[in-house]
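Two complexes follow with chain A in common, the first pairing it with chain B and the second with chain C.
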Partner chain A sequence: MSKLKLNGVSKAYGATLALRRGDLEVMSGEVHVLMGSNGSGKSTLCKIIAGAVRPDAGKILIDDTPVTITGPRSARAQGIGIFYQELSLAAHRTVEENISLAALPVKSGVFVDRTALKERAARYILLFENVAGEGFSADALVGNLRPDQRQLVEIMKALASEAPLLIFDEPTSALDRAQVDRFFEILRDLKSRGRGIIFISHRMDEIKAIGDRVTIIRDGETIATLNLAETDAATVIRLMVGGAGDMPASQSSAPAAVDGKDGAALTVRGLSGRGFRNVSFEVARGEILGFGGLHGQGQSALLRAIFGAGSITAGEVLIGESRFDASSPRDAIRRGCAYVSGDRGRDGVISGRPIIENVTPIHYLRHRLMIARPRKLRDKVTPALESMHTKFASLFHPISSLSGGNQQKVIIARWLIDRPDVLLLDDPTKGIDLSAKADLFTLIRQLAAQGLGIVLYSSEDAELLGNANRILVFNGGSVTRELTGADRTRYNLYQAAYEAA
Partner chain B sequence: MAETATIPRPRREGRIRKLLERYPFLPALVIVAALLALNGFFSPASLSYRALTGLLSTYMALILLSIAQTYVVYAGDIDLSAGAILSLVNVAIIVLMERWGGGAGAVLLALAIGLLLGLACGLVNGLVVAALRLQAIVATFATSIFFTGLALYILPVAGTPAPAIFWRTYGGRLFGVPFVFYVLAALIVLITVMSRTRLVTQLLAVGDDQQAAYQSGLPVIPVRIKGYVLCGLFSALAAFCITGDTASGDPLVGGKMTLYSVAAVVLGGSALSGGWGTVVGSLLGALTIGLINSVVFFMGTPSEWQNFVQGLAILVVLMAGVLAGRRARP
Partner chain C sequence: MSQVVSRFLSFIRQPIIAALVLIVLLLYLGQMLSPGFASGGQILRLLIVASLLGIIAAGQNVVILGGREGIDLSVGGVVSLSAIIAGNVMNGADSGILPAIAACLAAGGFFGLLNGLGVTLLRIPPLVMTLGMLGVLQGLLVVIRMGIPSGQAAPALSRFVTQPLAFGIPGIIWLWIAIGVLMALMLNRTVFGHRIYAIGSNEHAAYMAGVPVRLIRIALFMLSGMFAAIAGLCLLGYSGTSFANVGEQYMLPSIIAVVFGGTSLAGGKGGYTGTMAGAVLLVILQSILTTINIDESGRQMVFGATLLLLMMFYGRGRAMRA
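Showing the complex of A and B:
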């Protein structure tokens, strides 16, 4: 029996299509796996079903009846429970309060029924008895728990909805083996009781172990649904990659090797810190080194740590010949290291201020300027902006008047007035349009040609393959594979990323 | 050697942290005790039964206003109109009591209307901030001007006296015990009951992470509106106390108290960003402010320096509280 059916569901954020066309059918008593690369639309699809995102078009049917889901509350009322990838927990509330947060048991109409709350929590905590780890209890504050324990709370919270349809968006990313095994036992039990389950994971072995069928999403479109018993990992990856998966990256735009005679721009030896461990690599002057792998495998944490914005517990960093251990971003900037984040809102844009103020802060910092002289600055700012074909009405318009792509160009331009030696790019093209991307990468290649050492982390594999001279694939906080020369293919990149850690 | 020396330390810090986690208002309690001691040092008479009763009846309004503020701060919001609601209710009940003759029945009826007025003001704030999604700071600043306008319309100049029966009760004794102590006892019962309600847990969850609360299926907008309504109700209660204490109506009496209430919330260990705090802490925070003012007075500070010393003392206490409270937050 069909539990849930999606027909042609789509969602766009401004100009970006997050989900082009989602078709999906989940049966009662099945674990239905969703697979797709970073940003292919899996999470958007799940959030649409759970009511956290309103779709632009398409039909949703539950038990063969068309329904409208107006929000998370309405989704719950219609029997949908969800595990959010980014978790939906209140850090200062206890485990038991979080488990029942959406439907706190009440007595006398207004008071929290603590007894019922404890009983209900105990039921779900018992499911993970002996694997939850030290310090896990019903009255512990969620904020004091380890990441894997928090993930368990989110699982319990989803289970406590007792919904006929359960969605698990990457529920196992922080769990250890024993916890995953226990979780799978629970899933099998739910399956046998006729629940429909949607499951997302990037670990091939887990998908094989628990899944019945798999639906593959590529570029916001559901491509195919297969029976997992009748298929193998290679087929699945090939479908995710698309037809041209075995074609090597375009060699013309990214030569396989860089003449290293000018020496290393950036050397990292045995670097460990929060989110990454024992990473070593070298970037030659004029080289673009790519960081690949799934989201959140330590790439951003490493780049931020090098830039002095994260923690380093061991290892060393060298720029050129001299030791470079930036204690703060200010220190890193003064010594010629640049960092551009894809999260413009948080790390880049000075919102509400004019473009000129957004282009010049680095210049001010490096030259210790005290007084703003717009006329003089204009001569320095204009070439930097023009080198990327930035479109703007005047330097004194607010930065918010620009599109996302042009904002990012302004952010990059601020590093071009005084050339840095090393440029760290942390998923710089997140949410910007295609022509801006093209301008950006043209510039990045030019900068490399001028002798900068560039590290490029991108969540889009095409960008890595098109621009990086070498690619390091991250998995679980360390480098698991280095792709060079003709090995730099989409297929290899996917395979390395999806290998069980 | 170094290793053995460092092992017991995290355990002890863990215990302090656990204690602070369970009773986040402990630093505020210590500060109140210290200030009481200081008061006693400069003027032993200031710790007398009579002096403490006076302190309590003067600062009961601020205590209630700080509690009112706490409920909106729980949800990560703020109410800059709490003091204006207090003024509005103050002048409204004064005028009503006078019109209706000042008997016991008239007083009780006026108080009921005052509560309804507080509720209505809170509802307006809630609708403006949560339903219309305006910035809480600016929106409640605007409603505060609006409420002050209404108060000035009802009573253009300060001065109309409260009926004797009202302020004599508030300032008097019942069975030999000063009336404010009954108020305090009732208040403690009330906030204990409140702390067990589902609404308070929901307010804290919304303040913790609004997006997460929404995605979990909490009715975020109604919860925030109810927080403002609660704030309006407690502001009305605060107005009753100020009316009892000053025995007159003043359309501008609460204006200065709003930011004191915010300060009391922070002094009590609550996070202005929401999701973390206690009402008891705010009560102690309001007492802290009262005691600072009293210490400054008893120290014999020249009058032109009193504000200066008060401000400095609040800063110092705030710093001490923040340093202690920071450890408790997960």
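Showing the complex of A and C:
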């Protein structure tokens, strides 16, 4: 029996089509897996079902009856419960209150019924008995829990909705083996009681273990629905990549090897810290080393740690021949290390200040200057900005008057006045337009040609394939695969990213 | 026509222009209420008082510019402490002036350092840290003085504050002008100044660009303490002897002057020139309130309400969100 059916559902944000055509059918008693790369439209689809986003077109049927979902409350009323990837918990409240947050039991019309609340919470906490770990109890504050325990609370909260249709958007990312096994037992039990479950995960082994059918989304379109028992991982990945997966067109256009006679620019040996463990690699002068893999597998954490803005618990970093363990970005900059973040608003832009003041801080620091003479620096700042075709009216206009792409160019320009030896790029093109991207990559390749060692993490495979001489694929905080030469294809990149570590 | 009007409106909405216009209007109002209010001698007296407030506000200004809810509520305590230290060190003798200056700056810098360390290393919100420090200072004042007025200003100090020094203008006003020029140079022409704005606008981005965020924030609180100490010294010269909690009344006005001058309480935006205009404006307002027989408590109420009104006018309520 069909529990939920979507027919030609679409959603556009301005000019961007987030979901072109979504078709999906979830049966009672089935775990239905959604797969697709970052930005393919999975989350939009889930948000539409959960009522967080209103679709532009298409039909939604629950139990074969057409429905309109007007908002999250309406979705709940129609029997839909959701686990959000970005947890939606109240940090200062207890576990039991969070479990019932969506519908607190009430007595006499106003007061929270504490007895009912405790009873209800106890039921769901019991489900994860023995695997929840130390310090997990009904009256613990959610803010004091470990990430995996918080994720368990969010799962319990979704389960407590007792909805006939449950959506789990990456529910296992922080859980350990035993917790995942217990969670899957619970899902199987729900299945046997006729619930419909939508499950999103990037881990092929989990999908195989729990899923009945899989629907693949690519570029905002649901491509195919397959029976998981009758398919293998390669088929699924090939569908996600698209037909062009093995063709030369999607092979890397960057040269496979760099003549390494100039020696290593950056060497990392056995580096561990928060978010990554035991990572080793070497970047030659003139080389662009790509970091690939799914989002949040330790790539950013590693780059920030090398730059002195994260924690390192073991291992060593060398710039050139000499030991380099930056204790702060200030230290790293002095030693010739540069870092560009994709999160401009947080890490880069000094908002409300003139463009020139956003370019000069690195120069002041490296030359230990005391007096700021913006007009004298104009001759240094202008060429740096022009090398990327930055569009600006005057150096003394506030940086906030520029578009996102031009702001990012300004941030990059600050590293160009005094050449660093190592350039760390942390998804640098996030949210900027195509022409700005092209300008940036032209510059990055030029810098490599001038002998900089460059590490490029990008969430867009095309950028990695188009620019990196080698690609390290990250999974769960460590490097699981290195792609070199002709192996640098879209298909291999996907496969390495989705395969369990 | 409407373009001219809108241009005029945007011109007048610039905080410093608005402050200057209000200054002229208030002087006119004062003259109406009490003839002689806007006379040369009276204006000089107002400027002397304004320079005391303005020097304190310079410290307040840099702390606020540094962002992260930066504010220094302990300035009043430092002013009082500095006045007492200066009075006891110089004790009516001109030869004691230099040691007094050194002692006051050291004390102001020390308490500023404590504020800075508390805010950066212990991560105590500035509001709480400096309020606690104010409490400590008030207690300390009671212990030192035991309620008995002590200490005399040196004659040269009193002359510096109250008598004309050059072109008929007292030394303290010249000092204030010099501080104004130095502040403008520091904020606009030194790397330190640019870094103050950088940490005030986006602390994390500044950190990632190699700005020593903690050191700078500590330096700002130290500057604030030292400016308050200089003001305390001058205040002693103004009144002759130090008396109970002379500095207390300056805390609220020093914040209002900064906000009046167009500095955002969120940090990273503003400058000292506007603050100077704000200080003059407040002193005139205070004087008018005195002229129409409104006592100290009434003046405090008016000041408090003025600050709240300003916050609404500039739409900076978000600045104070914790």
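To be clear about the criterion, the second predicted complex is superposed on the first by the 451 of 501 C-alpha atoms of A that agree within 3 Å, B and C clash if a C-alpha of one lies under 4 Å from a C-alpha of the other, contacts with A are read in each partner's own complex, and residues count from 1 in each chain.
One rule holds for everything that comes next: contacts are C-beta pairs under 8 Å (C-beta built on N, C-alpha and C of every residue); 3 or more make two chains touch, one makes a residue touch a chain.
Just so you know, these numbers come straight off a predicted model, no measurement behind them.
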Joint occupancy of chain A by chain B and chain C, clash or fit: clash
Which superposed partner A:Leu365 touches (first chain B, second chain C, both, neither): second
Touching partner for A:Arg414 - first (chain B), second (chain C), both, neither: second
Partner chain(s) touched by A:Cys46 [first = chain B, second = chain C, both, neither]: neither
Touched partner set for A:Gly143, first chain B, second chain C, both or neither: first
First, second, both or neither for A:Ile350, with chain B first and chain C second: second
First (chain B), second (chain C), both or neither touched by A:Ala75: first
Which superposed partner A:Leu226 touches (first chain B, second chain C, both, neither): neither
Offending stretch of chain C which, after superposing on A, collides with chain B (from 2-10, 128-136, 182-190 or 218-226): 128-136
Chain C-facing residues of chain A, complex: 307, 309, 328-330, 333-334, 339, 341, 346-353, 357, 360-362, 364-365, 369-373, 414
Chain C residues touching chain A - in the complex, by the definition given at the top: 188-195, 197-198, 201-202, 204-212, 268-269
Residues of chain B that touch chain A when the two form their complex: 21, 196-199, 201-202, 204-205, 208-209, 211-219, 275-276, 329-330
Sites on chain A touched by chain B in the complex: 50, 52, 71-73, 75-76, 82, 84, 87-93, 97, 101-104, 106, 110-112, 114, 141-144, 157
